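Chains here go by letter, A, B, C and D, matching the order in which they are written, and residues are numbered from 1 within each.
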Amino acid sequence: MEIVPKIHVRSRLREMLVRLTAYVTIVVALVVTLFPIYWIAANSFKFDIDIFAVPPEWVPKNPTLKHYDEAFIQRPFLRYALNSFLVAVGTTIVSVCFGTMAGYALARFSYPWQWRRQISFWILSTRMMPPIVSIIPLYLFFNYFDMLNTKSALIIAYTAFNLPFATWMMKSYFQDLPVELEEAAMVDGDTRWGAFLHVALPLARPGLAATAIFCLIISWNEFLLSLIITLTEQSQTLPIGIAGRVTQYNTYWGEISAAGFMACVPIVVFAFMVQKHLVRGLSLGAVKG
Amino acid sequence: MLRKLFFTLAVATSVLALNGAAWADITILVPSGSEGDGLRAAAADYAKLKGTKVEAVQAPYANVFEQGANAGSTKSGVFDIILMDDPWIPFFAENGHLEDLTPFFKSAGMEGPDSDFLSKSLAICRNPYNAGPYVCLPYVGNAQMFFYDAAKFKEAGVDVPKTWDDVLKAGKTLTDGGGGRYFGYVFRGGQGNPVVADFMPIFWSYGADMFNADRTKVTIDTPEGAAAMKTFMALRDISPKGVESYNANEVGTALAAGTAASSINWPNWVATFEDPSQSKMVGKISYSPIPAGTKPGSSEIGHWTMGIMSASKNKQEAFDFMVWATSPEQIKISAERGNPPVRASVFTDPELTKQEKFRHYPVLMEAIQASTPRPRHPKWPEIENAFGIELSKAVAGTVTPEEALKNAQDAVSRITNIY
Amino acid sequence: MVGSASGMSTAQLRPGGGLERWAERHLRVLMLAPTVIILLGLTIFPSIYMFYAAVHKISPNPDVPWDFVGPGNFVRLLSDQQFHVALLNTTVFTVLAVTVEFLLGLGLALLLDKYIRRLTFLKTMLMIPMMLPPIAVAITWKLIYEPQFGVLNEIMYRLGLPLQAWAGDVDLAMFSIIVADVWQWTPFIFLLMLAGLASLPVEPYEAAALDGASSWRQFWDLTLPFLKPVIAIALLLRVMDALRLFDLVFILTGGGPADRTKVLSLYIYQVAYRFADPGYAAAISLFVLFVTIILSTWFMNRMRLAD
Amino acid sequence: MASVTFKKVCKKFGEFVAVNNFTLEIRDKEFLVLLGPSGCGKTTTMRMVAGLEEATSGDIYIDADRINGVLPKYRDVAMVFQSYALYPHLTVEDNIGYPLKIRKVEPAERKRRIAEVARRVELDTMLSRLPKELSGGQRQRVALARAIVRTPRVFLMDEPLSNLDAKLRTQMRAELKHLQHELQVTTIYVTHDQIEAMTLAHRVAVMNKGVIEQLGTPREIYNDPRTLFVAGFIGSPPMNLIPGEVKEGIFNSAGFRVGGFARANISRAVLGVRPEDVHAAPVEDDDVNLVAPIYSVELTGENTLVSLRLGGQLMTLRADKNFTGQIDEQIGVKVATDRVFLYNGETQDRVDF
């Protein structure tokens, strides 16, 4: 009779301790995660001299929009942002469209001689090619077709890296969807393609959202390929614009912070927009690999 | 859903198609810094004046060489003109990326660039150095200067630092009294270009050089080299922790924020030091030529020069633009935009020199005239990298200074095939 | 009965139009084709070029013909100390960064899963770092690490600890890069682990609890095996990305000090563009590609990821 | 309306033969049940009718039309899946209306017919719900409604009741039977549950390893099982199948003797007899076939199942509900000799006399 409540009390105490640890961890994780972002934001509102204040100015004392003016009015960062946006959206659309179809095919159809497995593996393995490897041939390729310094060239190059990922994610997602739904649609009078369009695609929406945000992140942030392929503000993307403010003689921290902070905003906003799909879209997608 | 996707796809493609590359009449590759900004502004003026569309393509500084080399070695005609840092000239010239300017001067009825250009500025534009034909024209005249806080140096017992020993003496006093938050000297220790650029002037001040005069020997690991290295290490000891990763920016910021008393740096920083929104040391930083070692000090020249790419399809237009952009009037405008000039007439133009922000011009001109170029070699980037690694190791203390010199000697020998 | 009026109940065995029939027949090929063609186009050409380039000495001068050197460039790999350093640094970075990210990400997910499952907003906040441009991350951390003005040294100063040069210190540079990478990519592992945990079945845990298994045993016997596929794919993706690390190093240290942070991508970049030696760069790239593919094939077969 | 005919149909998955040389004619308006254990090829057979699998060889006809290679949408069949396969993103109304929408039926007409079908399956109050908001039985009805909203030539049902609890299953079974009777549509129904097969079918095709073991009315199948497999598969509790030996027309197995098989000699024989054809008798009766100890006694309500130990195995008999024997008590057994079946253990076929 005595032992039972004792265990009860102990486990409740333990539960409380765990809960406390969890909440403390959440707070610490939030601080560690968000501080650098806060810091870049705070710096973007400081005068250069205050960025280097000792001790640091935790909150800007003389807030200024100077760097935003420099970056977005005087310098073509708006243009860079537009380029980044077009390239990211273009890449995402191409990758998600084709990747979804290929993922579906690999998840649903059978191919002779183990080709399904071979092709799946080959598609993933193309993602292993370090971008640095393909830059020279890509440069030659785009030069030959007079496509250097175009956004289309960037989209093509980024697609090479996003398509395997999109295919892989969507393949996993479709593998987890019950095949009967599409079969039902076919018996109900749809073609296989129709079943894919009307049944499989709507059900794969979380997977599509998760795949899309990953493609967006990767192509919005890409640096190396853009560094080589783009030349003028007609096609240069935000990361190149930002890197350009590290000059031989000076680094324009204020402008970099302003541009860097603004570069984060659209992606974060989009992430919040699709947040409910993010974990769900992956959960099915990733678990079965 | 997919219909919507396809619709978006169609719209996106057409937007992109509309945005295809539309090249200007002349395209210039420039670094995205003040020198690029200056040329960009000049290009806009030129377009207004002559109706020729000139576009300045800005690449991050760390990528300009790569962009140029890429275009050159693939015979891509994307750039007509490239604005080069002077140590790159041999690479571009000897690999056939640059056009010999002689025929253009001839057809324009000129012998070559006029004598208003500083002789040292012109010398680097010829390949081989000061002897061969012109392959480019100087545009931005940079040479390192020595910056110091005169008041602090006076406190430390040195009125005007004439030699590296003076710098060391004052610097040590200041660092010792700084309590780990103030330092007598600061330099660029970042691996690669930065550490090499800040070591070379000291190297030369002690009579050392990378090669002997007729290029039959690598002469890094010599008594002169060792003496320079000794001073360099002593300077390292009085510099802040972390100089191993410093570039011009950190060094300049340290002076502007008043946490270090002296450094070598590029003259562009004068404007920053004198800008109250960026500096706490307005009016307190003095300038001088590079201090002496056992030999008179020599500054490192760091010009930006314009050359015509061989693959260009608009060479004559490009040449016309270059001549226009380097004319005395334009160089003066460029100077007003913040890029040091390359012409004696501009350096001594009273309209400029009377202004506070150009008060370093006499010193700068002196520095350029007493400057030394980095060794002219088509493999300079590779040499600089190898030398930079060894210097970085020495600064970081992972090898002894002696080993660093010996390794550098070996590495440079291997790269250049000179033993 | 119900559909008597529609006229569709009568025989409708017309096999459809020729195009529709053809499309349906070949759907498995048609749906796969765009992806395969794009990827072939974008990988085959570079691969052939690379193989060809790797056996030549290529002058930066476009008028000098390529000089066939056979395996010369590969032989050079054996004696190239900078390559060895880069290989070592890349290995150290990959192993340490991915391990720390994995342990942190998994640990956080296990600890917090129960408490933030419904707090989507909070979760997304924790995801932010992985969405940022690496270039912005690099620059942010450069400011934080800055020895004179940086926040980190200010904290050290307040705590009375010795100030450090962080990214500028020989011994701390790699560590600094790893910290920045961990900051950016732990959320990715965290997200994947949360996703994995969210899809765990409940019954086995109830059964295990009834059997008296401790939380530790439950983790070891149930959670880990269930999560294995997610863990595998997370590790694979992270390792592949870690092997191609470029932006952080490019901005934070440039490979220094004393070559301590020179990684393979940076070295390949330098060889190819700074030293203008694309033949040798291709040889290094091939080596990296080869190792990556061998490793990941082995890993994927082991984890049965391609099925 | 429609008949379905299989002619020498084979289906292979790689090396595995799922359906082997399958020939069957399903008559118009017939309710045919494909019965068999899992993996016997019954579902594959049905999916070939739907067009979800293609036959490797042989021909399938609906009426006179050969449907090999015809896209599912042109076959005009409807299918109810085991998992119901409701579209989770569509409401009940849209789920039911989906086949009509695909066929571009006018919205007004569509609405009318959805309402009509919904009323019929008692879903008219749930039309705006999503599948996840329904109970198992309701989902089953949606699946059914989706199949009957257009009048297809053939209904295909793949274990439609197996996900329901026992009580609901009985109820739905009756509804299904009634519905089929009313609609008069040819129906192919796949199940592994022999009770469903017996209760629903006009004819049952018992399948095993890709072939039909026996085809016939439920009564024929039950009363006249032609192979050992059918004998063992049909009936609950299952038929007693006792291995033994026939010598000179007398079956013998561990003291269990049954005569009357002419003068046959079969070294490996199996004797089959249903529990209701085995009767308990006093031990001392002369003509008992077996005397054995009782292993267990189970009262089911309407009768008592008694198991006896026979050699290494058990023999079950269905006794009166008032049976009073105790465990381990010796008991005599008589079989109705006209109701026993003898099978050749090697060929698995019945040996008739």
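Methods note: a contact is a pair of C-beta atoms (placed from the backbone, for glycine too) under 8 Å apart; a residue touches a chain by one contact, two chains touch by 3 or more.
Note that the structure is predicted; figures quoted are calculated from it, not measured.
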Spell out the chains that contact chain B while also contacting chain C.
A
If you tally C-beta pairs in contact for every chain pair, which pair wins? Let me know.
A-C
Find the chain most remote from chain D, comparing centres computed as mean CA coordinates.
B
Per the C-alpha centroid definition, the whole-Å distance linking chain B and chain D comes out as 89
Whole-Å gap separating chain A and chain C, where each centre is the average of the chain's CA atoms:
12
So, what's the distance in Å between the C-alpha centres of chain B and chain A?
37
How far is the middle of chain C from the middle of chain D, if each middle is the mean of its Cα atoms, in Å?
53
Send over the residues of chain B in touch with two or more other chains.
62, 66, 70, 74, 181, 253, 257, 259
Contacts with two or more other chains occur in chain A at residues 52, 54, 140, 191, 202, 243, 246
Residues of chain D that touch two or more other chains: which are they?
71, 73, 75, 103
Which pairs of chains touch each other?
A-B, A-C, A-D, B-C, C-D
What part of chain D is in contact with chain A in the complex they form?
47, 50-52, 71-73, 75, 77-79, 81-83, 85-89, 98-99, 102-103, 146, 156
Which chain C residues qualify as touching chain B in the complex?
58-63, 82, 146-149, 163-170, 173, 250, 252-260, 269-270, 273-276, 278
Quick one: which bits of chain C touch chain D in the complex? Just the residue numbers, please.
1-6, 8-9, 11-16, 20-21, 24
What residues on chain C touch chain A, complex-wise?
20, 23-24, 27-28, 31-32, 34-36, 38-39, 42-43, 45-47, 49-50, 53, 108, 111-112, 114-116, 120-137, 139-141, 143-144, 148-151, 154, 157, 183, 187, 191-192, 194-196, 198-199, 229-230, 232-234, 240, 243-244, 246-247, 250-251, 264-265, 268-269, 272, 278, 281-282, 285-286, 288-289, 292-293, 296-297, 300, 303-307
Report the residues of chain A in contact with chain B in the complex, numbered from low to high.
47-49, 52, 54, 66, 86, 89-90, 93-94, 96-97, 139-140, 143, 146-152, 155, 197, 201-202, 205, 227-228, 231-235, 240, 243-251
